[in-house]
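Take a look at these structures.
Shared between the two complexes below is chain A, which has chain B as its partner in the first and chain C in the second.
== the complex of A and B ==
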């Protein structure tokens, strides 16, 4: 039994083996998501209680097909396992394999086993064994692989306790390598390697000399030896091929003895579903119907909790003013902070519904079919089939989506994907679209079962996707992508979605949205409120000025207060800033108040609603308990006398936010991923020009 | 008193925003590009 308090566990496996489901099953909500030091690859860690005194710290490493990395994500697996000084270097490795793809999945296992780190093999999704006619002789498997084998189903909670017990007793695990590559490839070469680096297991030395990267943990002498061994590149490549062939021979031998599939018992529902869902006509129709259903759901179901949240924040502002002593700090809370925060909290229902649907599509295995289906279209526009993953991920957030482009091997295709992903409608655009659509698009049924607002939301998503495709085509021609790449995607089995996995995914994504943007919005709300509530001499003399102006007219106290509030806002610091940019934004139909919200939302798009809520709250005289939507609807354009947020301004704003690069975080990540300021600046300017022209044209045509 | 609290909140907010957007933590590795990225 382990005598330590914390056992470090590395969870490793091929993509689509149910690794994350197992991680969720083991750790529950005791998870933390961060980044690996110095890079932006997500690092998922969690804790699991093994017994009263020992717990496991589990690191969910990125999915990889082999220990030889082909992308940055996969490099992390290698770095974690080779460097014993690494803080996540494991006491024990848990390798997860899919029972239906065991032959391919075992390649990685045999490589890891040869590193002589205690390793447990988890054969996942065993609940499918009977239906697929699969039989496994576990004792024979354990004997041949020199390891502990756990049959598990993370979804059905099978084998989890057995796995915990195996982790607890990891010191008893056999560390004998599975495949003795040294004797099968070139005995002399490996003998020399062993004597040159005797301090490492032989397979670790082999990995050190076969990679194209520097390892900081090596001493200068070790580095020199490694460099010397790397000199004969042709020989090393030949040996790597031999190694793979040899490993598959070993795996075949093992499987022949201990694993068999009775094909007569297997059902072919998957084949039938695949033919329908990836059909060249029905496939697209089904995908379009699913999207339509999602956007209808976002609008129809989310409206009730959103109204409650909106009303609650308006009441909270009024209540704060009534219980706190009058003064500037009370005003800051009631007019600045609460409306600003309310402007983000209100969108939790819509974000949660969107991610619930996306998680269901991923969980069922349908998303991979969409990627396959869309590949046929993507290729026509110069993007790789793999670009679909970042484009779909972009509906959540452009930042992880741009990082997901690392899977694309061809640099120019990857660059094009990085440049066009920000057009995809991210969750930050959702609050902006939601409030504008609710204000300017009538809530009426179409064809009896569709809702016009939901349909408009879907059109906005399609506009974003079309802009991405069109820009890709343009960039493809400008950048002259000549090299070709291949599109390979693994189709996972169809599964009944796990409610637990969906719940964790939705909680994590919603938390990231709320807390990621929440801090910025809170800080900006304070700054905006201050700038809107203070100003130079004219601001301070507002009451006297209005009194002088209305001396000979009889106006009510309310009208007088309204005039003072408007005059103050116009002559506040923020008013002067807004007035300065007004000539530039006027062609798009915006006044200086909207201009301020646009500038503020350059940090993050969702700030737009919170910023307007703060500005209109300072300006308002219609009580403290009006909702954000009511305040925006009540805003009058002084030049036309009509509602500020009418159809033409609304559509203009929708198009502006569809195309503009209003996200500092995305620019930073593009700089980081391309290692140059050239590309983010190109994105900022290009998308800005497109946004300006389309918004101005829409306003001109519709007004 | 309330004015002081407002100024404290303002200073904290401005400091946070400056730190967030102008003083990013430095990375310990150079770039994230693959071997074929041409950068």
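== the complex of A and C ==
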């Protein structure tokens, strides 16, 4: 085996078996995340050196309990293993099982083994065996399962070298199936199947006829045969049940004489923790406290790195301008690209902190208890207990949150979750809220210990959450989507989280944000920069016009420059756009300047602040909110003669930003995840109407 | 005495007699809910739904509507 080639390895296992730990252990940082062609599930791959000449290309397939898929992620496992032309079709399958849950884990193993692909069985978390009183007769296991068994503990780095050498020698593995399902279910049926599709292993043919999906790799003749076999749905379902019962019988037989557990070693820590964490009162109290702690953490800890990033990018822009020759190209970099990148990176601290918390909750096993606690409540709103994770994630960024909705099996519940997540108050709304609240809400104590401005911020969170819940109730009633509902989740044992796994998880989620939203934010920033720095004739004559206007007054060069900049913006393409939409946004109390800020913030909501700074010709590079705030406070509404940013406009803007679907990145991800333009358009229009009506109503009532 | 999983008391054990095959997802069987197997109700979520059960060495949460379709004998 020294032909210098790459061995393709598929890593498969139930969720919570430490499969990801093993993947991280084998590949280290040599990982790449790509997309499977045509579908939206991410493909996690990594490389591992087996010896001097041979490398393994390891694909970490999504966790699944069975080869029969029930969710998008699981479909992928089946696709990878059935299509031999697939570029990830494995030379060898590595099945990871948890030593404590070996019976159920072996079901998947016996299914995979019947595909006649070389298969290695990794029994993981063996460091727990002694403590749990578990005993395995490995040679007997290997003999009965016709496979190589590796005892491993990915976290303790046990068995990794043994696994590598087993992968290297995969050609020596026995490919005999473990369970001959055909004879036990219906011999005649399977004989017919075998003779119809003699080119495939029998179990592969069986899988082809039991699934509802199309398999593109089949020839037309094969497709016809498969369709014909699929006709008798009831019979196939009955056989599938029989198959599962039979497989468990085989597994029990094998386990009976090669695996035993000393029951006296069992501890009841799990039971005690379960009773507290899922208690009908304490359960919710603990969950609420954890949420509070997480939000507190995001607010307090993220602000330091965010300030540093903000300052660094402002300095970088200023520095670029000072060292490069003045001109369009310099401006493109200093005013378009750099602020665009800065606008992406500024969110990383909050997103990273939130996903650190979420992955800790998932790694420990606590998240399953939350799903259990919340399922009944969430179902009243047409969602599932599993929707809690996307909804919490949405407070950082809707993009990874919407991707987290994938493990909701029920399509309607998943769709509603995807549609309402953008209502939760994401981090991009915070700078907008912060400046508006500072402007229109008095900074005074209330009830002795609360601050009115802080309270308003809390109310904004509540408004977002209420909007999500209310719209999900509406969608639950209105949406007529066919979906078979069922809900089975595993309640895994409690575990100490692994720092390594958390780190990789956070890196992955942050990447999803950077490449999902980032690309679009950057591209749109550049387009907006172009629209703001170019314009028709009046724009080009800006300097001459201002010069003529100020001929008889003595103003400093700086003031002159600012006047030019302001005049240019007014007569730029984006300025004309702002003026065009002015009649439409007037009922909400906005003028064309705010119109520009709203159009600009379609890239990301926080651009609102920067756009206003430019419009009000405040030097935004110093990043000092006080100056922007003072300038905004001094802005007079020419129609009323009152302050432009008074209480009514302020509240109207707050509501507009709470409800409007102002994020192109989210729209793109919804399109990707739902595979249709219908749903992002529904979001854009529905949320837009709600934002418009509530903002206009607030303005009308308050002014 | 026959009943369904939904009718068990917390901590009570019973044997699965029959699953209504038409309404029970294959996944439940695959996760270990099989006829003849002992099942224990560990916990009920507030509002009595979903149910937290232990079956065949697996700890699972299933909704009440599913639990009502699994016949058990005590």
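We adopt the following convention: the second predicted complex is superposed on the first by the 453 of 703 C-alpha atoms of A that agree within 3 Å, B and C clash if a C-alpha of one lies under 4 Å from a C-alpha of the other, contacts with A are read in each partner's own complex, and residues count from 1 in each chain.
Please note the rule applied: contacts are C-beta pairs under 8 Å (C-beta built on N, C-alpha and C of every residue); 3 or more make two chains touch, one makes a residue touch a chain.
As the structure is a prediction and not an experimental result, all values here were calculated from the model.
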Practice task
Kindly classify A:530 by the partners it touches after superposition: chain B alone (first), chain C alone (second), both, or neither?
Solution key: first
Handout entry: Touched partner set for A:410, first chain B, second chain C, both or neither
Key = first
Exercise for the section: Check the residue A:372 against both partner chains and state whether it touches chain B (first), chain C (second), both, or neither. Expected result: second
Practice task
Look at A:347 in the shared chain and tell me whether it touches chain B only, chain C only, both, or neither; answer first, second, both or neither.
Solution key: neither
Practice task
Pick one for A:664: touches chain B only (first), chain C only (second), both, or neither.
Solution key: first
Completion exercise
Interface residues of chain A shared by chain B and chain C, listed none
Handout entry: Of all residues in chain A, those that touch chain C in their complex
Key = 65-66, 68, 70, 101, 103-104, 107, 237-238, 240-241, 244-245, 248, 271, 274-275, 278, 280, 283-284, 368, 371-373, 375-377, 385, 484, 486-493
Problem - Residues of chain C that touch chain A when the two form their complex - result: 21-22, 25-32, 34-35, 42-43, 45-47, 49-50, 52, 56-63, 66
Handout entry: Touching residues on chain A, where the partner in the complex is chain B
Key = 37-40, 71-72, 212, 325, 327-330, 332, 406, 409-411, 414, 519-520, 522-524, 526-527, 530, 603, 664, 668, 672-676
Fill in the blank from the handout: Per the touch rule, the chain B residues reaching chain A in their complex are 1-3, 5-6, 9-10, 12-14, 16-17, 20-21, 24, 27-39
